[in-house]
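What follows is chain A paired twice: with chain B in the first complex and chain C in the second.
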Partner chain A sequence: MSPALSLTAIGLVVVATIGIGLFGLRISRTTSDFYVASRAVSPRWNASAISGEYLSAASFLGVAGLVLVNGADMLWFSVGYTVGYLMLLVLVAAPLRRSGAYTLPDFAETRFESPVVRRICAGLVVGIGTLYLLPQLHGAGLAVQTVTGAPPEVGAMIVAVIVVINVAAGGMRSITFVQAFQYWLKLTALATPIFVILLVWHQPVGVLDSLHGAAADWAEPLSRAGGRDHPLYATYSLLLALCFGTMGLPHVLVRFYTNPDGRAARRTTVVVLALLGLFYLFPPMYAVLGRTFAPDLVSAGGDTVVLELPGRVFPGTTGDLLGALVAAGAFAAFLSTSSGLTVAIAGVIDQDLLRSRLHRWTGGDYVAVNSFRIAALIAMIVPYLAFTVTGALSLADTVGLAFALAASTFCPLLVLGIWWRRMSTTGAAAGLVVGGIAASAAALVNVSGAPQGGWPRALVGQPAAWTMPLAFLTVIVVSKLTPDRIPAGTARSMVRLHTPEAVDVDRGLPYR
Partner chain B sequence: MSTPEGPRRVRVTSPRTSAARRPIMPTGTREIDEQTRLGQVYMQSLIQSQLRLTLAVIGGVVLVLGSFPLLFWLVPPTRTMSVLGLPLPWVILGILVYPVVYVAARIYVRNAERIEAEFTEFVGRQ
Partner chain C sequence: MSDMRDRDLTTYRDVQLSPDFSELRRRFRRFVFPMTALFLVWYFVYVLLADYAHGFMSHKIGGGNITVALLFGLGQFVSTFAITMIYVRWADRRIDPDAEKLRHQIEGAPQ
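Then we have the complex of A and B:
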């Protein structure tokens, strides 16, 4: 791998990101542009942007690494990431857009008419967002380290600085262009090396050999590769977390709000599913090829297989060029997901924590956009500090915990809030608290030293299968016990969430 | 002000029509806005048809996708069975899942939009 070439490629991505961001800033004229791209993004653009934002370091580097190390069971990761969008489509896409909410706390407040539920949600958005930003920074550090040998803090710092500049400068409008560009860059970067390898390879070693034969244990599902007990439980629990956690990720909802209406939200999601499916065809191929060409990476954790494979297959210029392309794609992954998360977290910090205080300190003498910019800075500083403290956690582990937390808190809130008229405010709060505590407790135990083997380890390692039903059950039971706390405006909320825009009805709020 | 010459114009209407005419024609949207029982029934039927559709898609996913881990668990030969030169789990989880999910999404969107179009037509009508 040639550091000079890779660094040039990363530099180009960074320049292109800032360049497109600045271009977005030039046309980002109004506050509405800034926050929601004026809700005028077409489904194609928006779908590219959503996919660009969603395909994070965990998808670009993590999935291939996981499959390489832990075998076929890890294929469920990319399946779950995709099916998560299908669940989002059928359960929440159009109603969420019609809710008129910009962030999850907004949704919670208008639906449950309670500042308390709003504050719990704000805390959870910051928590889940930070948990999800950590692996992005970690991935960036890893990529720069693999390419140049520099310490991980360097790569993380580069991503953090660029994201804050871009988000603070251009807001949502510029981010939309940047992320749409980054989806196609990521797909190209991941697909090209595979095609080149398949086209050029004429050696006696077959590219699919690692899947067959005596040493192909890893290619079997449920094989306990990677030393996990109860693989069947782990598989189902993982699938549940990914399928139902996606809708609760903070950066996903913000993106839906940029659709012009509920119908466009659905159509956008369908395009997203096509784009995600296309992308996820490639990471498993890296794992298959990695088993043949870079078997030493299996014991090294595997997260760098995507970055290192081109150089292993083609020593020389071809490998250097492809390696540089992949490094560029990886950087696009860190930048786009981090940008989306930062926009989402900053939106919440801005609205729920900062705006009122700024107002008080400055006596009302401030510009709303500046509050958002300060919030963007805070939104990145916190995870960066956490990153320097926590050091190395596996990419997919932290991401998995973020999904489990989202599936145990925002998923019940959204699904029941949208479809169940008898959900009470107390039920909503109780569900968030119980699900949140259960999932974060599992995450903490996992990070601070998981129990050795057996059921305890399986239950803590993949908590969604018990924390998510627990949260749903809590909401339902508490709502049944507190029927007098059902929000008075529930009927109007249901009209707002479900009636198509073409019908002229009173939605309780002006349609935004 | 001058009084008009001649007899005043009088509108002649049948008492029957005036008795039968309802003041304002209520539409479905009015029923919904005023949250009458009928309006609630309209909304409930919309939400229920959408929910049924949603649950059908989720049921399909659970049934199809959810059965694979169990299949691999219960019938070990399926773990290594070769299809088109690839092990079966890799074909399903690495390739086939994606077009199937996409088609499911297309079908869902078409039906959801049909339900909405019917609802729009129905409550928009007098």
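Then we have the complex of A and C:
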């Protein structure tokens, strides 16, 4: 691998990201531009941007690494990442758009008329976002380390600084352009080496055959390869987390507001599913090829297989060029996901924690956009500090925990909040707290060193299968016990959520 | 001001109680919930088959390296996409027109 070439490629991605971001700054003027790109993004652009934002370090590096180490079961990561969008689309996308809320805390407050529930949601958004940003920083550290041998802090710092600059400068509008560009960059970077390899060999089937002898149990489903016990439970739990967690990811939801209307939002989702499906064809191929060409990476955790494979297959210039391309794609993944997350977290920090305080301190003498910029800085500092104190868990596993936390908190809040009239405010708060504590306890145990095997490891490693039902149950039981705490405006909320957007009912839009 | 609010509230309650609104909600629920359950079952059954119906899943088709498991696996992506297409077409056809009708009802005459 040639460090100079790879660093040049990474540099180009960084320059392009900042360049497009600055271009966005010139046309980003109002608060609505900052938060939702003035709701004027066409489905195709938006779908590219959504996919670009969604395909993180976990998808670009992590899935291939997990499949390399643990075998075929890990393919569920890619299926689950995709299916989550379908759940989001059919269950919550349309009602949530109609609610007029830009963020999850906004939704919680309008639906449950409670500042307490709102504050819990704000805390959860920051928690989920931090858990999701963490593997992006780890991935960046790993990539720079693989390419140059520099310590992981360097890569993480580069990503953190660029993201804060870009987000603070342009808000959502510039991020949309940046991310649409980055989807196509990522796809090209991941697909090209595979095509070159297949082209050079003419006989890809030979590789698959060599696999049957060497690592038969690895290719079997539910095989416990890589030392994961109770594969059936773990697979189901992972599927649940990914299916129901996507709807609670802060950076995903806000994307549905950048469409001009509900019809466009549906179109966008169809394109997103096609783009994601296309992308996820490639990581497993890296894993399969990695079993043949880089078996030594299995014991190292596997997260670098995508970066190292081109150099292993083609020692020499071809490998260097392809390696540089892949490194550039990986950086696009870190930058785009981190940008989207930072916009979402900053929006919540800005509205719920910062603005009222700034108002008090300065006596109203501040600019709203500056408050957002300070919030963007805070949104990145927290995960960076977490990065410096936590050990490197597998990238895709950490992201899986963020999904589990979202599935155990926002999923019950949204699904029951949208469809169940008898949900009480106390029930909502209790569900968020119980699901949130259970899932984040599991996440903390994992990040700081998981138990070594058997049921404890399975239950803590993939918590969604018990934390999510627990949260749903808590909401239902507590709501039944506290019927007097059903929000007075439930009838109004239900009409708002279920009548078409074109109807001019008061939706309490904050930034119009 | 309070007069406005009262009138608004009555409108909301009327809509909530109106047969058209409950019909719209019911239709949405009757389509979306079974559909969600169905495709979740399909994913979960795939995992079960992989574990317990080993012979069936590793059955080779056409003598090559293509197994039933591989086809079903690819089918996961294809079916996800198909379900989305079905939902979008259904929503365009069955939800949007009635929603439009409801809108005219709330806002008065069509504009």
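Basically, the second predicted complex is superposed on the first by the 488 of 512 C-alpha atoms of A that agree within 3 Å, B and C clash if a C-alpha of one lies under 4 Å from a C-alpha of the other, contacts with A are read in each partner's own complex, and residues count from 1 in each chain.
To be clear about the criterion, a residue touches a chain if its C-beta (ideal position, glycine included) is under 8 Å from a C-beta of that chain, and two chains touch if they have at least 3 such contacts.
Here the structure is a predicted model, which is why all the values come from computation and not from measurement.
Participant: Classify the contacts of A:V79 with the two partner chains as first (chain B alone), second (chain C alone), both, or neither.
Facilitator: both
Participant: Pick one for A:L444: touches chain B only (first), chain C only (second), both, or neither.
Facilitator: In the superposed model, A:L444 contacts neither chain B nor chain C.
Participant: Touching A:A4 in the superposition: chain B (first), chain C (second), both, neither?
Facilitator: neither
Participant: Who does A:L89 touch here: chain B (first), chain C (second), both, or neither?
Facilitator: In the superposed model, A:L89 contacts both chain B and chain C.
Participant: With the touch criterion stated at the top, can you tell me which chain A residues are shared between the chain B interface and the chain C interface?
Facilitator: Looking at chain A, the two contact sets intersect at 75-76, 79, 82-83, 86-87, 89-91, 94, 208, 221-222, 232, 235-236, 239, 243, 263, 266-267, 269-270, 273-274, 277, 280, 419, 491-492, 494-495, 498-500, 502-506.
Participant: Which of the residues in chain B come into contact with chain A in the complex?
Facilitator: 29, 32-33, 35, 40, 43, 46-47, 50-51, 53-54, 57-58, 61, 65-66, 69-70, 72-73, 79-80, 82, 85-87, 89-90, 93-95, 97-99, 101-102, 104-106, 108-109, 112-113, 116-117, 119-120, 123-124
Participant: Could you please specify the touching residues of chain C with respect to chain A in the complex?
Facilitator: Touching chain A: residues 8-9, 11-13, 15-16, 21, 24-25, 28-29, 32, 35-36, 39-40, 43-44, 47-48, 50-51, 57, 65, 69, 73, 76-77, 80-81, 83-85, 87-88, 91-92, 96, 99-100, 102-103, 106-107 of chain C.
Participant: What does chain A use to touch chain B in their complex?
Facilitator: Per the stated touch rule, the residues are 72, 75-76, 78-79, 82-83, 86-87, 89-91, 94, 208, 211-212, 216, 219-223, 232, 235-236, 239, 243, 263, 266-267, 269-270, 273-274, 276-278, 280-281, 284, 419, 491-492, 494-495, 498-500, 502-506.
Participant: Show which residues of chain A lie in contact with chain C when the two form their complex.
Facilitator: Result: residues 75-76, 79, 82-83, 86-87, 89-91, 94, 205, 208-209, 221-222, 231-232, 235-236, 239, 243, 263, 266-267, 269-270, 273-274, 277, 280, 419, 491-492, 494-495, 498-500, 502-506 of chain A touch chain C.
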